[in-house]
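A, B, C and D are the chain letters, set down in written order, and residue numbers restart from 1 in every chain.
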Amino acid sequence: MDILIKILGAVATIIIAFVVGMLYGGLNRKVTARVQNRVGPPFWQNYLDAFKLVSKKTSIHHGVMQHLGPAFLMVSSIGTLLFIPILKGNNWFPNLSFHGDLIFLLYLMVFGSLGLALGAGQTGNPNSAIGVTRGLSQMVGFEIPWVMALVAIMIQYHTTSIADIMHVQEVHGWLMFQKPFAFIAAILAMFGMFRYSPFDIVGAPAELASGPVSEFGGKYLGLMMSSGSIFAFVKLTLYTDLFLGGASNFIELLVKTFLLYMIPVSYGLVSPRYRTEQAVRYFWGWPSFFGLLAILYSVIF
Amino acid sequence: MEREKVTTLYLGPQHPGITGNMMVRLKLKGDTIVGARTEVGYLHRGFEKLQEKRNWLQSFTILCRFCVPEPDPVEEAYALAVELLEGREVPERAKYIRVLVLELARMASYLLWFGGQSGSAGLYTMGQWSVGDRNYILDLFEDITGGRVYHMFIWPGGVRRDLPKGFKDKAMKVMDYFEKRLEEYDTLMFENSIFQKRAQGVGIIDKEKAVEWGVVGPVLRGCGIKSDIRIDDPYEIYGELYEKGVFEVPAFEGGDVWSRALVRRFEIRQSINIIRYVLDNIPDGEFYNKIPNPHKWKIAKGDAYSRVEATRGEVGFFVASDGSQYPRRTHFRGAAYVHAITLLENVLIGANVADVSFIMNSLGTCPPEIER
Amino acid sequence: MVNDKNSQKIVDIIQNFARKHSLFVLAYGTGCGAIEIPPTMTSRYDAERFGIRGAATPRQADVLLITGYLTTKTLKRVIRVYEQMQDPKYVIGFGSCTINGGMYWDSYNTIKVLDKYLPVDIYINGCMPRPEAVIEGFIKLQKKIAEGRADGAKQYKENFEWYRANQKKVLGPTTPHIQEYNW
Amino acid sequence: MEEIKNKIYQRLTEAFPEITEHKLDFPYNRLDVKIPKNKVPAILFYLKDEMGFKHLVHITCVDWIEEEKFELIFIVWSPKEKVKVFVRTELDRNNPVMDNIDMIWRQANTYERELREMFGIQFEGLVAPKEFILEDWDDIPPMRRDFDTEAYAKKRFFERPGREDAKDVRQTIAERTGESLPDFAKKYSR
């Protein structure tokens, strides 16, 4: 009985993540359109797109990895989702959130990209291959400030558990204010994580068609889109948990994640994209500096 | 060893980053381009052959399809060539209307170019703004000529119609709007540090070699050479306007994408000046010198070449007549004919593969005028 | 129960509804019509309200918009692009020159009748069609999809030999010879 | 303007006594010289390097089929003097061979490729892929006067027959697709 409730909870989590992630994608398109003086698509457009993509026939075969790549991406998104506490001190969907820790999570988040890289590599499209190399080098870029920010928190509070960090914030206040340097580094790394402008060179249509996904259509693209939405929700929830004190109810979670989400979206609207080496240089500049400051701050105090 | 591997990347013809329908075959070492070859011919319709079967006036339906973003300079070039060939005079009012239409076309083309240039760098908001605003100019075109994209307006001997009533107020309002809007474009695009980082030092053209290599128009002015057909080989009333100081020809040192972008941005400002002046000072009178019945209109044997400054640079028409009512031979010279083939192939070498469409846009590549 | 005819009908209706409201247009400007596509996508006309958006590669696209005349050299590429697209897919012929050659009726390098070579679902006439006409054409296509009548791709598969023979007549020996693209 | 043109012409005749014809009396800044084809690279070199005609404007060809010859025209422009010079030469139409000039201006390469494809003029020493604009072309070069584009198009492409009735187009379309005609269209229907 217990296990049944747990499974139900996990399924519910996945569905919520999908719905919310897709909704955010739709709102992103709407906001973008309004900034660009347009009406824009309705906010449910992304659901229709995903449904249509999944209902398309697919008759491309490049090899086994090509079929597994999107699945890897999905597995990674869902896996990460299940290891993250969605709500604070909540018994509805605890999932696996009290078993995993930050270091494990870091590995899990990279796993999907690597799977996609293998899949895209097998399609043999040079655009995909170049896109994958760019994606991986950009990942190397933003992982450094991101890991530094996390390490600073871990050192400060002597824990790697997300639940413990959330608990700490109840006592000391939000880490956003407690550890401002770590927060800045993490937010700057988030720009790269979301792959909106200026860090969207991975799938830049103007030079690479659409990068790694250029050979994937129909169901695979639908799967990637859904897993991308879930992953966006995962990242936003993780940031909320780590820096914004988590959320005690669903409305609070939506408000906090949406506000966080608007940061990369609104910055992306007004910036052109960096080239790969410029992006990496950017991440290894100020964001890493703030990360280092955060670590020093943690070590000294 | 792995780094030495040369990859071949086919950019186009179906590719979102390519301007129009053409292909660039790139040889890559890592992310750096070591060889480039342009392949064109996807838009060849044999216009010059078709013109041999159309009389002097029937060609005008064909002319505007030579370069789609900016059809008017081509019409102007052909009309000028026919006028040079025949020695036909144009009334003063027609000259003013022609200049008005040409400058509006220049603005419309630059606004579209804003979209291409910023879109290839990933700044889509700019393209949405400027292409959306371009509709106001197309509205003015509809008022003057009746057509949104293709106008068929500038004919040998004048223009097809007079300006409509109340046009001046409407046009002035649009110019006011654009003056305000240009400042917003500046904030979004030119003052953006990432755009500056992307554009500066990319796609450099050597100033010493530029003229020899056939670089013309804004690209040449981006190399710091003040050269413009409107003042070098003046046509219509441009020489007069330049002497009166109505417009300036901006030129910026550097020879990179950034200086070319600046040239284009400042030329929009100059176009607004010219349009304001023309609207204020347009003389009354005829707008059209009557031509003979087009089916019996014969032009004596001879040839002529006209030059017009379009947004991509110098465009020109070579027209040869054999004394009949059909041209013996017409040959169009587009700026992109040189820019997109020999120049692009050389500028791309050593560039990053991420900059290909960025550089192509800044050179003003326009495939339909290459292959016609 | 699941494979029963009525439930298939319901599935079709739902699928067609989604397809209708989400048309990914392949970014391939084959001719001069490409100049009216940016205005159609931007502020005044804003085709994205109808769920129309660009797709970068043929694998992801639903609609092939033939913007104007096709030269023989482009036709070969267009056929390959069309066959790389995944079902269901639609073709829109844009401009008079796709219908009967338009002003290029005597040109030696452009094809005159597009539907002999590719199955066309909707034609938009005019030279150049205004953005309003383009949107009107897309709405007609949406109507056709909702009614399940946009079956150009099916037609192409059933009459593949006929289409291929027509293509061979123009392209000669270099016509692409396979239908399924798996590279 | 006349003085400059005369001066340029003087210099050219001194260096190239082979100039057969010339025309100076244009009312604008243009100057025509005609020269045998083997002297064309030399005169272009001279114009570019010695006289400052740095900008190659155009290379074109006219097919005078009645006289069995091609006329090649090179247009060069001097940014300093602001004069354009037309260098004209004649080729035998049955055996059109010409010297390659893309070492003078490399963009001439493109023009030559086009003339080779469209007129069948052979440029000796031109290094470029064979095809430029056309692909798998199987007829005589299309820009020659004796190539009939209409007949070729009729032979090669399908044609859509015109309509035979005089019915309203909207009516026809409406009947074909089974839609009802909108009200505004009914009003204007014949």
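One rule holds in what follows: a contact is a pair of C-beta atoms (placed from the backbone, for glycine too) under 8 Å apart; a residue touches a chain by one contact, two chains touch by 3 or more.
If you're wondering where the values come from, they're calculated on a predicted model, not measured in any experiment.
Engineer: Chain with the smallest distance from its CA centroid to the overall CA centroid?
Structural biologist: Here the chain at the core of the arrangement is B.
Engineer: Measure off the straight-line distance from the CA centroid of chain A to the CA centroid of chain C, and report it in whole Å.
Structural biologist: Their C-alpha centroids are separated by 35 Å.
Engineer: Taking the mean of the CA coordinates per chain, how far is chain B from chain C in Å?
Structural biologist: A distance of 30 Å separates the two centres.
Engineer: List the centre-to-centre spacing of chain A and chain B in whole Å, with centres computed as mean CA coordinates.
Structural biologist: 44
Engineer: From the C-alpha centre of chain A to that of chain D, how far is it in Å?
Structural biologist: Taking the average C-alpha coordinate of chain A and of chain D, the gap between them is 57 Å.
Engineer: Spell out, as numbers or ranges, the residues of chain C touching 2 or more other chains.
Structural biologist: Correct list: 27, 42-43, 54, 56, 58, 73, 106-110.
Engineer: Two or more other chains touching the same residue: where does that happen in chain B?
Structural biologist: 15-16, 41, 44, 46, 49-50, 53, 128-129, 132
Engineer: Give the residues of chain A touching no fewer than two other chains, as numbers and ranges.
Structural biologist: Touching at least two other chains: 36-38, 127, 205, 209.
Engineer: All pairs of touching chains, please: list them by chain label.
Structural biologist: The list of touching pairs comes to A-B, A-C, B-C, B-D, C-D.
Engineer: Considering the complex alone, what residue numbers of chain C touch chain D?
Structural biologist: Its residues touching chain D are 72-73, 76, 99-101, 105-113, 116, 166, 169-172, 174.
Engineer: Under the definition above, what is the set of chain C residues touching chain B in their complex?
Structural biologist: Per the stated touch rule, the residues are 26-32, 34-36, 38-39, 42-44, 54, 56, 58, 69, 71, 73-74, 77, 81, 103-104, 106-110, 127-128, 130.
Engineer: Flag every residue of chain B that touches chain C in the complex, lowest number first.
Structural biologist: Against chain C, the touching part of chain B is residues 13-16, 20-21, 41-46, 49-50, 53, 61-62, 65, 68-69, 112, 115, 127-129, 131-132, 134-135, 138, 148-150, 368.
Engineer: Provide the residue numbers of chain A that touch chain B in the complex, in ascending order.
Structural biologist: 32, 35-38, 126-127, 129-130, 197-198, 200-201, 204-207, 209, 269-276, 278
Engineer: Provide the residue numbers of chain B that touch chain A in the complex, in ascending order.
Structural biologist: 7-9, 11, 15-17, 31, 118-125, 128-129, 132, 188, 192, 194-195, 197-198, 352-358
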